[in-house]
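Each in structure tokens, the structures are laid out below.
Both complexes below contain subunit A, partnered by subunit B and then by subunit C.
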Partner chain A sequence: MHAHLKRMVTIFLLLSMLIVFLTGCWDSRTIEDQLILTGIALDVADDPGKISVTAQAANIQQGKAGSGETGGEGSNESIVMKATGDSLTACLTELDRDSSQKLLFHHNQIRLFGIELAEQGIKKHLDLIMRDQKARLEVPIAIVDGRGEEALTAKLSEMPLSGLFLGNNFEAQSAISPQYRVRLIDFVQRLLDGTAAPVIPIIKVTGEDDKQEIKMAGMAVFHDDQMIGRLTNEETVGYILSFGNVKKYNIVVSDGQNQAGLHIATLDCKREVTLRQDGGIQVSLTITSVVSVSELHGFKEMKPPELLKYLENLAQEEIKNEITDCFSVAQTLDADIFGFCTMVSKKYPKQWNEMKERWSEVFSDIDLSIQVKVRIPETGQIVQSLEMEENMK
Partner chain B sequence: MKIDKSQISGKQFMFMVAFFLQSSALLTSFLAGITKNEAWIPVVIDIVLCIPLIFLYRTLMVMFPEKNFLQVLDEVYGPVVGKIIGISYVWFFITLAAVNLIDIGDFAKITFTTETPRMVPTLICVLVTVWAVRHGIKVISRYSKLFTIIEFIIVGVSIVLLFNQMDFTNLLPVFTQPAIKYVQSVHIIATIPCGELVIFLMVTPCMKKLTPRESTKYWFGGVAMGMIVLLVVLLRDIAVLGKALHLFTLPGLVALRLVNLGEALSRMEIIFAVALAMLLFFKITVLCYVSTIAVAQLFGTTQYKRLAVIVGILIMAYAPTLYPSSVEHGISAQTIVPFIWTPFQILLPLLTYILAKIRKLPKAITPAVKKQEV
Partner chain C sequence: MKSNRLPLETDLLDVLEQEVLCASCAKNAASIPELATGCLSGDTVLLVDGCAGGLVINSKGWEKRAVSEPQSESVVRGPREGFTENLRTNTSLIRRKIRNGQLKVEQMTVGRKTQTGVCLMYLDGVANPKVVETIKYRVGKLDVESVLETGYIEEYIEDAPFSPFGTIGYSEKPDVVAAKILEGRVAVVVDGTPFVLTAPMLFAESFQTAEDYYARSLYSSLIRILRFIAFMITVFAPAVYIALVSFQHELIPTTLLFSFAKAREGTPFPAFIEAVIMVFAFEILREAGVRLPRPVGQAISIVGALIMGDAAVSAGIVGAPMVIVIAITAVAGFLVPALNDAGSMLRIVMMVMAAFIGFYGVAFGFLGMLVHLATLESFGVPYLGDFDGDDTKDTWIRMPLWSMTKRPKSIARGDTTRGQRFIPPLRPHVPDEEGEEP
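Right after this comes the complex of A and B.
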């Protein structure tokens, strides 16, 4: 009986202690006190040497927002706050001070940089984001053609929270190619590589007042952490294709009056670097792709079997041209956006030590060979187009 | 004098060794800081280099099957010198427990309970640890098999979740750094996870009788399981984080945060949290047990259950005095600790073995042991 009582008292005491220890009250946060951040943008401030931070948060207490101006179609669905300071910490402190709620970083969807800040360099502004446990490295980053704040204050008809829209949009784009969604960790890895040029998508806000849209506007090319140039949307295609792992992407091929829309089901690229006798680099890209026909105009003179062969050739040429064009732009910018230097450093570490100082010279002299093999196993629900059908009568 | 009367089987011992080694697999940042994305190379080298060390521990265990390591020291060096070395080993065990307690506090502080005072998670850990120690080695070891299997599952699941983000070319190039860096890394792994296994010489009397062959099997089985997990975790983190690996204090946590397999399977760092809490808790429990047994041995008492509370409090009070910050903790683990640990883990066991052989110890051999080959 005594032992039983002792045991009961012990269990009671332990349970009492658990109540104290397991509640975790220090780190408790009620949702009403949180401003759930959906996007953050960094820009150059009017004062020289300072930065301006714009934070967009979801308004979970519609109508009971803290300070700051509200965005969205009069529905108060987003809260946009701005602060200016010497550093990101100073800006975030100001934002916190001026708000009745705490900024919650965990669900941030996008990090944006204005183009002017990107040209000045963004490395020093990444420290807080990388250091803070609440900030996530997998959040995509993008450059705004203009000021970063424009994207967060944009009144989109599709979705009131532009941060959420951009997060979803980049997620959808990454299904086509992982290169479309550049996460902070990807950018940092390229930065640490030293010689390879980081690339970040550019977005642009178009339209006026309540009918604004956010469009993809190519890719920003960096040297170290400073933006030095850009690829257009068309040039970006070559960049994407050169890495392979492309799925569900459409290209248009044409030959005179004939035009075909082709749907790339899968595209893989095997990349290889070899040293040339003269000390230069030979890069071989071997691309294999499975494509289906999505639209045909013209090709009246052709019969289906020869048409498919012809389309395969056209697609092969198109893919080759896209990559070659993009490569020429990269050479003009003197920016190894393809990461060929990383491949050389891994395959030829000894030669790389000697080569890295003159990589700029080596890159401009790279011998790029592209072999493309396209297969078109299907043509959709119909084989020949109506125009071809008429010609066959 | 047998302090803890409970007994464990060879298999339980094997899983204890495996789990103990696995607990170092999640705190690899001090390795990554030296050899960066080549950190896997020293691990591979150490898998080979640690074979003689593990064989030394196994041999000491086989030579003195009825004695814990402090008793062995008494027998080999005599009561005075043996006691002096024994005191230094007690300090070593308690320091090891305190260092791991700091790790669990740091981990909680920088990840999930940032505003909770460090004292709270460490106090809870010590309370449960002391409770476990009071129940003896049998209770502690009973969980090791389950924990080891859970850890294997966690590592396996994390690899599947991160497979789409792995780039195995990140493991290249190899041997691009100065040779001294590899030597330093090899020394760290030899002392920090591998050499720490010397603590298992304290549980020898609690082992059910094993033949030398069984001892070899269980020692090396445990080490193999532990080292494979260490290597696989490191390869996973390098493949995912590449050149950014060395930037992070907890690379495994960052890697698992990058999981992105649709909306449902993303940000899986909770897996890391569960694994780390489980691994460190077990490691601290084993170290606390060993410290308690060592203190009991030193004072010649068998009442180790009462001592467990005191040792627990001592570890808890000692831990905050070791390092002023986690940065100094990390630097110390890279530079000073391997040298301080080397005498305890390599030199003294080796010297003990040599002296035991010279002095033809153990003298009083039971007939059962006599037949065994050492």
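Right after this comes the complex of A and C.
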């Protein structure tokens, strides 16, 4: 018993000593010594061959919790820092050196690229971000129409930290369709697919000094890692719909005189590729969608049952047109933004090896057939619009 | 004197003892010291002219506290009586709950100087004979000067004296002790204290209260689960906060991180020191509140609440989130009073682990705690024995009484069946109107 006790005491003392003397706590990073990054932007620098990095961090000194004071006018909720260097590492080292706190990358909400840099190619700047475990691959990326830093210095009325705003915004958009939010991992996946053209959302900063806004401005289309063109917001709709998995999205259909706002509850798309006799390929998209009526203008002479039928047809046409429009833009850009090549390579691996060489030729000659099946089970809280009621009397 | 004793006269004392006196205990004493001791301890000494020796008749009577509602373990629904300091009152309180010949009471005396009466009570044929023997052996072997409380006996006979977890249970309420005896446990009643020991004790017992069995089972189950969660909170909350703030920032949602960072900004100490200050301050307050008379105790809690809660934050000594964490830690600890002391100790261990290597350390601490719990035994019964098979019916949740047809497998031996029949209460049997049995 005594030996046992002695051993216990020895172990206990040893452990306490270990804890006291060995706790360099080398990995301890107290929260207040961290500069919590909320956004980072990469641009081309004035010096050729160099890049400039802009980092946005939350200013935790401002408006301390509990003290009751809010930012007030001219508040600096964010700290924006800038560095120029040959590589991302050089820039980050410079940023770290010039700040009293360490940069904390875990909570970075967004990675931005200036449009100029995107046109030059962004591949070489991704390595550090992908290699470093602190920087997550799940962070969304976006192209800024202009310089990337603009988006981070923007003073938004909605949310003082534009990085946080963008992160939340893409998160909300991704509820409509996952395609709206392109994370680094999605982009890299497309990049590795080779022939598929990656797509990244474009944002644009508008407005004057104090009342600035950040707007979505379509999608940037890449060839390899270089931006070669863009889809407008309207053309983006077709891109989104062609992938299916769309929820809670509104479209407007019109037959010339009458107009209806339709709410897409769910939209699914089945894609299929088949080889054509002449060596080209045929792509068929089968879209099924459940839609509800959200707004009606006109349709005065119609009765509810035939109206729904009519609206279904209009919606089917609309969806088809959106996709066809987008597809033709993609064909003129010669960019397979839909990822058809991946489908071919998976289904026909043998033929693919040969087809890979002449993919751009095959792509421009794709036979696209779209079948849309829209179902409108309900009309919302009312059946007829007020205009229709008048007509009935 | 002894040589003068006549057979006939000796018979007179025996006749008196056996056929005349109506005392619960009378004994024939031959020596003067024996008679004197009897007289001094409150017995009546009967000396008969012509007889050598005399009778020591048990007529002890002293002031004792009436049976009253215990301070701890109070209930909303359920019996309110509690044990008193009198051994006989206590055994009779238990006996009144279990009117069965199988309930054995074994009297022992412990303490060289104090000669304290100790009673073992158990259900013969239900309690594990090995456990009964072990307890009897350990209590019988006790060579101590005094026994003033059950705590003395507990320390001498428990299995794991250095564990933060107690391996012997105690209660102040006859209904609780009766229930434990009915499950096959052994109760140790000690004269001079209203606390009664029950053994073997299992881990899940700390989470059970008397009222669990008097309230509806669904509600009891909910509260039972809440207690387990509260125990985890009281042990791990400060450690988790330290780990989050000093190591794993990536686990905190971004906006929460901002407010944590804002609160931490400007506080002079690292999170660990902050937590230690607060935990110790709380322990000091609690200790102060327990010992002080009630009216003063209230003043202490007001001072504590104001100074600790508000002033410390506005003075910038500790951050507001830390105050919240310590507050929830403290309150959660009171949900499981039986493990309050264990919780206080483990909390500090976990905090050190967290300050050392973050969540990695907390995980180690948790595993260490589990391993330790699994190695514990109480009188040969695994401490976590409840969390196994049928016994689980009364651990995480409290199943309806009619579903618990068996006594705990890990404790009871012999007659292990509580009730033979399973009575589904959804369709109670009602005879037909004609009175015919279907």
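What to note about this one:
By definition in this document, the second predicted complex is superposed on the first by the 366 of 393 C-alpha atoms of A that agree within 3 Å, B and C clash if a C-alpha of one lies under 4 Å from a C-alpha of the other, contacts with A are read in each partner's own complex, and residues count from 1 in each chain.
Here is the rule we use: a residue touches a chain if its C-beta (ideal position, glycine included) is under 8 Å from a C-beta of that chain, and two chains touch if they have at least 3 such contacts.
Only a predicted model underlies this, so the values are computations on that prediction, with no experimental measurement involved.
Partners subunit B and subunit C fit side by side in the overlay (superposition on subunit A).
In the superposed pair of complexes, A:84 makes contact with neither subunit B nor subunit C.
Applying the stated contact rule after C-alpha superposition, one finds that A:266 touches neither subunit B nor subunit C. With both structures placed on the common chain, the touch criterion links A:58 to subunit C but leaves subunit B unconnected. Contacts of A:8 after superposition on the shared chain: subunit C is touched, whereas subunit B is not.
Measuring from the middle, so to speak, at the Cα centre of subunit A, the directions to subunit B and subunit C differ by 50 degrees in steps of 10.
Residue contacts after overlaying the shared chain place A:36 against subunit C, while subunit B stays out of touching range.
Of the two partner chains placed by the overlay, only subunit B lies in contact with A:130; subunit C stays clear of it. Once the two complexes are laid over each other on the shared chain, residue contacts for A:379 go to neither subunit B nor subunit C.
Taking every C-alpha of subunit B against every C-alpha of subunit C after the fit on chain A, the minimum distance is 7 Å.
Under the contact criterion defined above, the residues of subunit A that touch both subunit B in one complex and subunit C in the other are 27.
Interface of subunit A with subunit B (complex): residues 17, 21, 24, 26-27, 130, 133, 136-138, 183, 185, 188-189, 192-193, 343, 345-347, 349, 352. Residues 162, 245-247, 249-250, 254-255, 257-267, 270-271, 313-314, 320, 352, 355-358 of subunit C are the ones touching subunit A in the complex.
Residues 8, 19, 23, 25, 27-32, 34, 36, 38, 58, 60-61, 63-66, 104, 106-107, 109, 134, 164, 167 of subunit A are the ones touching subunit C in the complex. Remark: subunit B residues 110-117, 120, 123-124, 127, 169, 172-174, 176, 241-244, 247, 254, 257-258, 260, 266-267 touch subunit A in the complex.
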